[in-house]
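Paired with subunit B in one complex and with subunit C in the other, subunit A is shared by the two complexes that follow.
On to the complex of A and B.
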């Protein structure tokens, strides 16, 4: 058997495609990005090595829109942590209690997660349409004409307008993860708490939520890094406009590379996104330690 | 007293659930409604009214003039190939790192797992430049190769966790009966990995079907455009004519809805499996 397991040809054949793809499309390109970020390069002429100049410009320049984009990115993350996740937990705890229509609600709440962001984005563009959109129509119906806005076109409202669909779309995802987590907790624990006279709310806080910690941590990592990476929805809704008012790092990266041909500056933003995603994931893992983790890590 | 609070609480909770149900499916419902309406009906009447007639001219328009038919087939092709490649490559790689014996298998597995957290942004420009220098922009392979690469990490992880549950005795007895490494893989492992394969297929389907960033950058001609980018360009053409846009959005959504209708539990389990073990 060992001889069969050490078959060199099989090992080579089985690993070759995966290793080639991984190296060629993921590992090497990331190092390339790191190198490009040190160049002043428009993609046509030869790049000039400028060291950390691109990073310096990003963080100090007032016109690049980068500082604004970072603020927006952090706002999205805060929204994910303090609105999206608590609401998802609220839904999951209630549904997992075992109530009428439980499966139906879980199934329906999960639908937005599956739909293409382009579809959802296009629908929200119509919902926000200043003349015929649902939002303004409802406001007019209520006689609140003065509250109507060009939601995606005004600097003061655009960030809220992109915020809502982004938060909305993934509530169902976190809810499902938490719901599955609660369902996998031994139901005897819940029954024991019930016999001891605990209400369901108490059971949630003293038993279910503490036991759900590993799942909550996954949700936290996904929520925060997802916010850091978010691109699709903002690209579809506003592409970062008007005047950087809804810019996030990924849309800024995209514009820099493919609209302005600033390959160096764009790559610096790409590296920034990778570093901050990794750092945050590690930080969250460190801060919220889960017992018995050394084995699985 | 406590009982009444409990009951009121329950009603309130149901109310919240109902509101969220409406909020979750309203866009979908509204999209289907206006895909059957013409402009005068969309703009002149209440957004929630049923269409006067279930007229399919918008669909015909979107499929032919709007080229949604072609984009749809392109998406099917790209997604199908991505799923096939991902499943095949992940099964082989997972078997090699979790069952075959060689130096460096854990290191390689850890490198694969690193791919779980890497955002695709990081590779966008370099992969674009590589594809351009190989004259591969505007081909289907410029999409399904990167998609497969980025789906691999998750797929290998899912394979590993399923493979753990296959007893080694099965392989040993097959070996005794004269099976070689390839025989064991194809006759014993692959058939037993069916649940893993369907999980990966669902996962990869959703990723590839909905992907936007690569599809925007790597393909610019309409012959190879997939649905996400196709919809974006269709919206540009029909900016004031909402009907065909609605029809296009419905067309792009139908496969997802069908998959979900028939296998909602499996779809949910797949996405949970992808997240929790990572």
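On to the complex of A and C.
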């Protein structure tokens, strides 16, 4: 084994395919985007170098809707951290306690993750339909006509209407990660706590959740960066509308590149998303690591 | 005897198969073509028939057509132009949409080939296929937009086709008084709203000004006519002429409300005919031009024209074959598309029309009588302007902007 490790050529040869793939598919495009973001380019004719002009207009223009989109992105992230993850944890702890039909429920909660977002999106469009959608129909049945809204068409409701399917869709994903994490915790610890007279709630808070920290950290990173990158569901439901009321940076990027032919401005948004995702992932890792080290010390 | 016959038959069969094989492998040239004639597209059948007929007449040429879905094709064609991966013949939209292709030298100049077809393809249809006085595209369909309306609902309330703005407002008010939303529209898919506003603006400012403004030809959007159009739209929105839920429903949902008789009027292009013909009661529906809203326009000024067209890739290996095939196929699609009700023929009609629907007849007459045809903003404007126009219309509809804000924002976009 040591011999192999010392053989630089072998290391090089075995790593090469992965490095090539990773560089070709991820690293190089990122640098290309970085370069494009400095151009005024329509994607077809020759681009003109404009320096940081695209970034400047992005952050200063009032009509681009970028500032609004960043606020929405942060709202989504907050929703992911404070609604989606606690709910997923609650489900995971509940299921891991051992109940009838445990496996069945794990599968059921995971189904939305397996379905195509476009399918789920179409489903929710029907649910929200102002005329025959389930939401308004139920409200009308209860005599609450004044509560009826065009859920995806009003500025005041659209963000919430988009929130719910996004959070709902990925609850199952986080739940599965956490559920697997809990199941891998040594059952002797739980039994010991049980013998000492701890209730299940106490076991959760003092044993399971602290031991689940590495999984929670992963979930947190996925949840937050997922919220930052969210595109598909919003694209299907509202395409950022009405009037930018549900716009997030990635839908704005799509509009800029493919609708307005502004590859430069679109690439600038892409770089913004990449930077903020990286920064958050590193930040979360750092914050959690420090705490973990303190505990073990 | 039987055996001999069988042997002969086998020989004959194998001989023909060898012969056809050698014919197809010999000098046959393959021309690749991209269109949006997917199975759901109105022109799917027309393209199929056209290619079949063309190949039968030209056994040495094989047309290989690939069809893509409309919206995704817009992205695909732009990416392919940039990557230099175009087929020999490609479908595109004339006017602003393809101007970048022509500038980048990705469309073949077709003037010399057009000479042959001058008699059959009227010059009036080439407005949006011509860039810098040179022809680059071959149209096959003429379209028109206007008000599709439900005759039965009009009859129920004793209403006539409105010819002026005041009459239109009266019609709307009558429907509103009876608890009916007058116009179906989708603001979520803002191009539908744009079709409406295009028609309204045209009838307020006239064809020259709307053309100049939408193509960035130095026309100020702050002029009275444009403000008048915006105020008229505001009036309609405020009076409730559009459903409040329009910002949340798609075009399909809005069209369904029209074809099922929930709303009496819908402003869009000739393609709505397909949905109407498949409704339960197609005879209930009619077509009329958008009413005149000022002295600047006449009732015969319409939004429409020939924006759908075929272009030829200048990098093709067989330029002559590709260009001729593009003209011939466009001609055949024009014919078969017209006969199947997919659109109005751009090429001269020298054949008998059977079973033409009443609505198609009306639209065809409107096109023939039109004093001007201006293609809608989606084709006329450059991509960036069109996207902003749609975003502004959405903001206008939900009340973020008033008429003056809208006009100012449009002027800022179009005259930066």
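By our rule, the second predicted complex is superposed on the first by the 264 of 297 C-alpha atoms of A that agree within 3 Å, B and C clash if a C-alpha of one lies under 4 Å from a C-alpha of the other, contacts with A are read in each partner's own complex, and residues count from 1 in each chain.
Following the convention adopted for this analysis, a contact is a pair of C-beta atoms (placed from the backbone, for glycine too) under 8 Å apart; a residue touches a chain by one contact, two chains touch by 3 or more.
These numbers come from a predicted model, not from an experiment.
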In the superposition, subunit B vs subunit C on subunit A residues touched: B
Figure out whether A:167 sits in contact with subunit B (first) or subunit C (second), or with both, or with neither. neither
Kindly classify A:45 by the partners it touches after superposition: subunit B alone (first), subunit C alone (second), both, or neither? second
For A:209, select first, second, both or neither according to whether it touches subunit B, subunit C, the two together, or no partner. neither
With the two complexes superposed on chain A, say which partner A:159 touches: subunit B (first), subunit C (second), both, or neither. neither
One more residue to check, A:114. First (subunit B), second (subunit C), both or neither? first
For A:258, select first, second, both or neither according to whether it touches subunit B, subunit C, the two together, or no partner. both
Counting only touches as set out at the top, which of subunit B and subunit C does A:284 meet: first, second, both, neither? neither
Just subunit B (first), just subunit C (second), both, or neither: which does A:81 touch? neither
Quick one: classify A:242 as touching subunit B (first), subunit C (second), both or neither. second
Show me the subunit A residues, by the header's touch rule, that subunit B contacts in one structure and subunit C contacts in the other. 43, 131, 258
Note which residues of subunit A are touching subunit C in the complex, please. 42-45, 63, 65, 125, 128-131, 150-155, 238-239, 241-245, 255, 258-262
Write out the stretch or stretches of subunit B touching subunit A in their complex. 6, 13, 17, 20-21, 23-25, 27-28, 30-31, 34, 42-43, 47, 88-90, 92-93, 95-97, 99-102, 108, 111-112, 115, 117-119, 121-127, 129-130, 145-146, 148-150, 152, 156, 171-172, 175, 179-182, 184-185, 206, 209-210, 212-213, 216-217, 227-228, 231-232, 235, 242, 245, 249, 252-253, 256, 260, 264, 267-269, 271-272, 275-276, 278
Of all residues in subunit A, those that touch subunit B in their complex: 1-2, 4-11, 13-15, 17-19, 21-22, 24-30, 32-33, 36, 43, 91, 94-95, 101, 105-120, 122-124, 126-127, 131-132, 134, 137, 168, 171-173, 176-177, 180-181, 199, 214-215, 218, 222, 225, 228-229, 231-232, 235-236, 250, 253-254, 257-258, 263, 266-267, 270-271, 273-274, 277-278, 281
Sites on subunit C touched by subunit A in the complex: 74-75, 78-79, 81-82, 100-101, 103-104, 106, 187-188, 190, 244-250, 253, 257, 382-384, 386-388, 391, 394-395, 397-398, 400, 409
